[in-house]
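You will see two complexes here that share subunit A, one where it goes with subunit B and one where it goes with subunit C.
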Partner chain A sequence: MQTDKKGAAPRSMLRRKLMIGAAALALGLAAAPKLGLAQTPPTSEVNTTDLAVTDDTVKVGILHSVTGTMAISETGSVEAEKLAIDQINEMGGVLGRKIEFIQEDGASDWPTFAEKAKKLLVEDKVAAVFGCWTSASRKAVLPVFEQYNGMLYYPTFYEGLEQSPNVIYTGQEATQQIIAGLDWVSKEKGAKSFYLLGSDYIWPRTSNKIARKHIEDHLGSKVVGEDYFPLGATGFNSVINKIKLKKPDVIYAIIVGGSNVAFYKQLKAAGIDMTKEKPLLLTISVTEDEIRGIGGENIVGAYAAMKYFESLKNENNEKFVAAFKAKYGEDSVIGDVTQAAYEGPWLWKAAVEKAGSFDIDKVREASPGIELTTAPEGYVKIHENHHLWSKTRIGHAQTDGQYEVVYETKDLVEPNPFPEGYQ
Partner chain B sequence: MTAFLNSPKKTELIGFVLLAAVILLVLPGITDAFRLNMVGKYLTYAFVAVGLVLCWGSAGILSLGQGIFFGLGGYCMAMFLKLEASTPEATSIQSTPGIPDFMDWNQITALPAFWEPFHSFAFTILAVVAVPAILAFVIGFAMFTRRVGGVYFAIITQAIAAILTILIIGQQGYTGGVNGITDLRTLNGWDIRTDSAKTILYFVNAALLLGVIGLSMAVRSSKLGRILVALRDKEDRVRFSGYDVAAFKIFVFCFAAAISGIGGAMFTLQVGFMSPTFVGIVPSIEMVIFCAVGGRHSLIGAVYGTLLVNFGKTTFSESFPELWLFAMGGLFIAVVMAFPNGLAGLYKSHAEPLLERFFAKAGERRVGSAEAPAPIAE
Partner chain C sequence: MFADYSWSELGSIFAMQGFAGLVLFSVFVLMALGLAIIFGQMGVINMAHGEFMILGAYVTYLTTNVVEAVVPGLMPVSFFVAMVLAFFAAGALGMLVEMGMIRFLYKRPLDTLLATWGLSLILQQTYRTIFGAREVGVTLPDWMMGSLPLTDIIEIPINGLIVMAITLAITLAVAFIMFRSRFGAQVRAVVQNRAMAGAVGIDTERVDRLTFGLGCGIAGIAGSAFTMIGSTGPSSGQLYIVDTFLVVVFGGATSLIGTVASAFTISQAQSTMEFFLSGSMAKVLTLLTVVGILMLRPQGLFVLKVRR
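Coming up: the complex of A and B.
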């Protein structure tokens, strides 16, 4: 699937430029009244800490895996970040300076991430870094960002329990994703018993811990089973038999990466038809990106709880999807994390403009309260704790690999990375 | 001159001096602090490769689980550093201050008993060597006294590597899980994250590596080393000669494990964290590849092999982000098919005869000193 995107990329430069131009113009119109015309303050004023800022350019870093096992997941984020940077440059850049990016490959290897992060901050002196995907890679770079005072925009939904002054978390933390989804199945579908599944690492384990607390303490329902599988596991028959035996109302699945393909195929082969919703399957780990690997026909009928789906109907999103497909091909899909990655450069731009400076400390101070009305998912806002206020939505998987949005929370859900009573 | 060159001890000594010059003078001379730290990281893998030369090359015991010992050494050091970083002041936002952050996230409220001794630096240094050696002893004792060897032994070590990874990931409250132990700051109050500290650590690492190689050379040239070779080639004869074969095998396996542990500890110090990605099957096999590329019969070759493969990885991956894995695969196939004795084998079969001829002429000795190319051996 990567090759599809790559092959399609150079197609029709003219159309691509037109589409980006159109998208940028639209976004520009939305943002222009607030900002006025871009004026160019002197470099000495906006850069007092020796970052790579000149009179007409500013350097930022992109740090994802483009090789190794994580490449399939992270490619979408890289593409979204480049798209956002292109669009911002079309609008005149940030404080009158064009953004130039330096891309480094984390190679799905955590020490490499730390090494490259250090290179970006120490040798290249970038003003911001958009990157990382897995929690392990974020944990590996975190000390580097704190030591050299950098700013990381991290796009993935993750387990919470972290709040660094040097990171803006543009994905949802665990409670935002979990609680709304569980409330929905309990209220709308009358679910009373749950079977929790997950890949064996910190995000699924922490998420299931929060899920179990919520199910038992707040919904008054019960958990009938909880099982974990090593990353990359492909044998799920024994757990599927256990599920058949326990007959839960809901299978709550947090399986990641390639294991998903085996899991959903085996579920289907075992005669569990998810469209019948007996049991119903709710996941927080399968985005449109993963469905390309699983195959729409193998997951049709499942529900997913996240903040963004490609099929979301609003003006911002339609423009974003059109611009993305114009740049990366009609076959490309956009998952939750890809959208969150797209927000990174825009949030950084807004913070820099509010601060009137590229200095990391000033950008950090300006960040809480930053609003983005042009985000594809709708309105978002940065919380004091560096996470985003965002809505949670439920998607219903279709055979074509898209989700149909069947529910969204009325209000923005407050991010709460250290949830009391859930630990 | 030829006699000097042909004596295996002397050539090995020259190789050792050259290697020391490369590691201590050339590499620090041509790289900046950032790249030097990378070389330092690669050299920590060389400890494992050197252990494999003894274990696999000399004694014929192929272990596909050396990452276990590298990881254990690294984890011992990481536990010490993590405890030092987790002072009650630094962790005051936690519900239980004073314990490592990942324990707090996993609702553990008191430091587990097996972490307690790692408050002591002396104990940690001991544990870095002893923990891998003890585990190797247990494995070796169970396997070798039952005469399990060859492929079966390789498979069992691989299984143990898989089990240990799963254990570390599963027990995330005690081990940090898949994220590993991160955010390590100081060693007895000395900040290991600064450039100057990294440079010092590089030289400490290099000196330790050279020391380990020297020690391994001593082992190989002793009577013990010759028994190891003998039991590789004809185990039964050694046994019938009255030697306790299992004891020798256990010794060499423990020795390899202990030096791998030192490598792991130096890795943690230089990179600043430890994670289960270094314990599992893939890194264990990679380390065997380092050794194979360098030449499994040559201690010096193993170091060059490690450096070559890792430099290759870095440069290939920078220039051909999508193809570099194939290039690496190709390299390994080529090594196994065409140069089964690796870089050291190439040196022996090509470079050495040339050198011999050169010295023979220069020394006005009889032309073409009639010796055949040195047999491929230790």
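Coming up: the complex of A and C.
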């Protein structure tokens, strides 16, 4: 911001030069805030609905569990969202306003999530909330967001069957994650028989339902078994025996949380060497984050179908990984959801700038069609249905706990939260 | 479901399945022994049992990391060193907790439930602060992973064998301490009649403290052993607590033999049903069976005859 009153003419010259420079560098948005107050629209214009927006700040909420059982998964999302907010602020903020975040703890408890969401929307009047992880927590806050008209950026891959005007889903919905992966094992690995496994709640069950339909109706292959285990189950020896008896080509595993560690350790101990790919293991629930607990040596050889892996080779991702490690330490790992959480603040910023306003209704209207060319996963775009167009990739687990990307879909996969013929 | 398989395949699978049941049995015994001592002998409902187990797991994690960095040559035996340390760490914490909290609650056993539940939350958050919210991977010596292939299908998991061996050793040790040692006689005396035990010169407070410490120490060993088969995170202890109480209550809280018998019954039922049904359904049926039997026999499978 320049306060020099004397040199008005030289200042506009300077501004013009800056603008030319900016255009030449094709930096566009990044340079805009440097131009000072003239670019910052007055608060009365960008905030007609009494949100927590001042002349130089805007408040947003971060709502994840940092205590309780889910903290294990949600920590990465919190870190990514804070990193994105920092980076946006370094670039000058949104519509000339620095982002300030208010962080609330959902404490792995769904009613607490709803209560904190209400607090963020009603008391703090935040312009957007980045948060939730489990479907249960999202379902708990949904009525709150719809009643008080808030905007939630939800990062997790999930079962679909939902589309709210008050949520932008930055993770993949089930069909995006599942179908490309199944097609790949069927075509590339010649898989004919599948054993479906999952933790016993809505996401694995819905996902396996879609998987079964696709396997039976579209691939013409066979599902030889389907099993569910209570969340937190630690004994998998019986089902491993069953798998040995049925000899499927593919174990399709959607196990979550601490159970994962038990499952992969016991699978290895039972002599199933996944690097031999007999059977091959395909998962949609194990990101680099989970592998830290499982241990790379226990899951080496498995395949995962998701939209993002830390090892992805492109310029955006290299920058993102470097920035993340600089902030949170060399040992930190980045999983699919962490990356999706990182996209949240950027997508919101783009929508606000397109709308020229922080008002929730205008941001919602501006959201479909928003493109993010700087996303670590590459290019993404918001669909009419509030989900993201994104590529699906197959990663091959290595002993160091990283995935090596062995395949990616040629085009962006269209999000289809209400898949016809799959329900 | 067996029509498509040959007899040799079926034979192998039943052998494997029997082994899986035995491993589950060992796991149940190991996790329930510590609680059986604390709940059964002292009447304290220790909801923080799982957190004492996880303390053992974290001690194992730290020890193996230190050994790997400082004396890599000792790596093959690091696990057993860790297990001993886990016993003492969990035992020491247990005694501290007994001194600071439990001893004021012996007359109010139901309140121990709330107090130890609070303790479990505090411990979980402490682990989260110290070790981070994410699970940690415990590096195990190579020889402990993998399996011994007997035939094409029958492969014996080495970690299963180790868990069984540890369980056997700990059970024998506990049986010896409780039924063959002077300390065990004192513990049983205090359980049966506290006032009388005090009158004949037994330091009941000391016995209480050591008993609680012993129970927690065994939990620590269990946690250490479970790094081979399960996860190590701040709230991993929660994965075990329900099963643990189930085993102890079903067996008859006051009887150590009952604990072993009930672990055997539940593990075999569960592992067999898991084979024929889905994992969740097996759990439901197991719980229903236990509830049914407890309705007929509220005192559990075995019960000590005590004059009250």
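Basically, the second predicted complex is superposed on the first by the 385 of 423 C-alpha atoms of A that agree within 3 Å, B and C clash if a C-alpha of one lies under 4 Å from a C-alpha of the other, contacts with A are read in each partner's own complex, and residues count from 1 in each chain.
As a working rule, contacts are C-beta pairs under 8 Å (C-beta built on N, C-alpha and C of every residue); 3 or more make two chains touch, one makes a residue touch a chain.
Given the structure is predicted, the values throughout are model-derived calculations rather than measurements.
Student: For the combined arrangement obtained by superposing on subunit A, do subunit B and subunit C clash, or do they fit?
Tutor: clash
Student: Applying the document's definition of touching, compare subunit B and subunit C: which contacts more of subunit A?
Tutor: Partner with more touched residues of subunit A: C.
Student: So, A:Leu161: does it touch subunit B (first), subunit C (second), both, or neither?
Tutor: first
Student: Thinking of the overlay built on chain A, is A:Gly235 touched by subunit B (first), by subunit C (second), by both, or by neither?
Tutor: After superposing on A, A:Gly235 lies in contact with subunit C but is clear of subunit B.
Student: Under the stated touch criterion, which partner chain does A:Asp109 make contact with: subunit B (first), subunit C (second), both, or neither?
Tutor: Once the two structures are laid over each other on A, A:Asp109 reaches subunit B alone.
Student: With the two structures laid over each other on chain A, which partner does A:Tyr407 touch: subunit B (first), subunit C (second), both, or neither?
Tutor: After superposing on A, A:Tyr407 lies clear of both subunit B and subunit C.
Student: Which partner chains sit in contact with A:Asp200 here, subunit B, subunit C, both or neither? Use first/second/both/neither.
Tutor: In the superposed model, A:Asp200 contacts both subunit B and subunit C.
Student: Considering only touches as defined above, state whether A:Tyr379 meets subunit B (first), subunit C (second), both or neither.
Tutor: After superposition on chain A, A:Tyr379 lies in contact with neither partner.
Student: Contacts for A:Ile72 in the overlay, against subunit B (first) and subunit C (second): which applies, first, second, both or neither?
Tutor: So A:Ile72 only meets subunit C here.
Student: One more residue to check, A:Gln266. First (subunit B), second (subunit C), both or neither?
Tutor: second
Student: So, does A:Ile294 touch the first partner subunit B, the second partner subunit C, both, or neither?
Tutor: In the superposition, A:Ile294 touches subunit C alone.
Student: For the superposed three-chain arrangement, which subunit B stretch in 128-136, 326-334, 344-352 or 362-370 runs into subunit C?
Tutor: Clashing stretch of subunit B against subunit C: 326-334.
Student: Of all the subunit A residues, which ones make contact with subunit B and with subunit C?
Tutor: Residues 66-67, 200, 228, 230, which sit in both footprints.
Student: List the residues on subunit C that touch subunit A in their complex, please.
Tutor: Touch residues, subunit C against subunit A: 5, 9, 13, 16-17, 19-20, 23-24, 27, 125, 128, 132-139, 145-147, 149, 153, 155, 157-160, 226, 228-236, 238-240, 270-272, 274-275, 278-280, 282-283.
Student: List the residues on subunit A that touch subunit C in their complex, please.
Tutor: Residues of subunit A touching subunit C: 66-69, 71-72, 74-75, 200, 226-230, 232-235, 237-242, 244-245, 257-262, 265-266, 268-271, 289-290, 292-298.
Student: Show which residues of subunit A lie in contact with subunit B when the two form their complex.
Tutor: 66-67, 105, 107, 109-111, 114-115, 118-119, 122-123, 135-136, 139-140, 142-143, 147, 161, 200-202, 205-206, 228, 230-231, 423
Student: So in the complex, the part of subunit B that touches subunit A is made up of which residues?
Tutor: Result: residues 34, 37-38, 41, 95, 105, 107, 166, 169-170, 172, 177-180, 182-185, 193, 271-273, 275, 277, 317-318, 321-322, 324-325 of subunit B touch subunit A.
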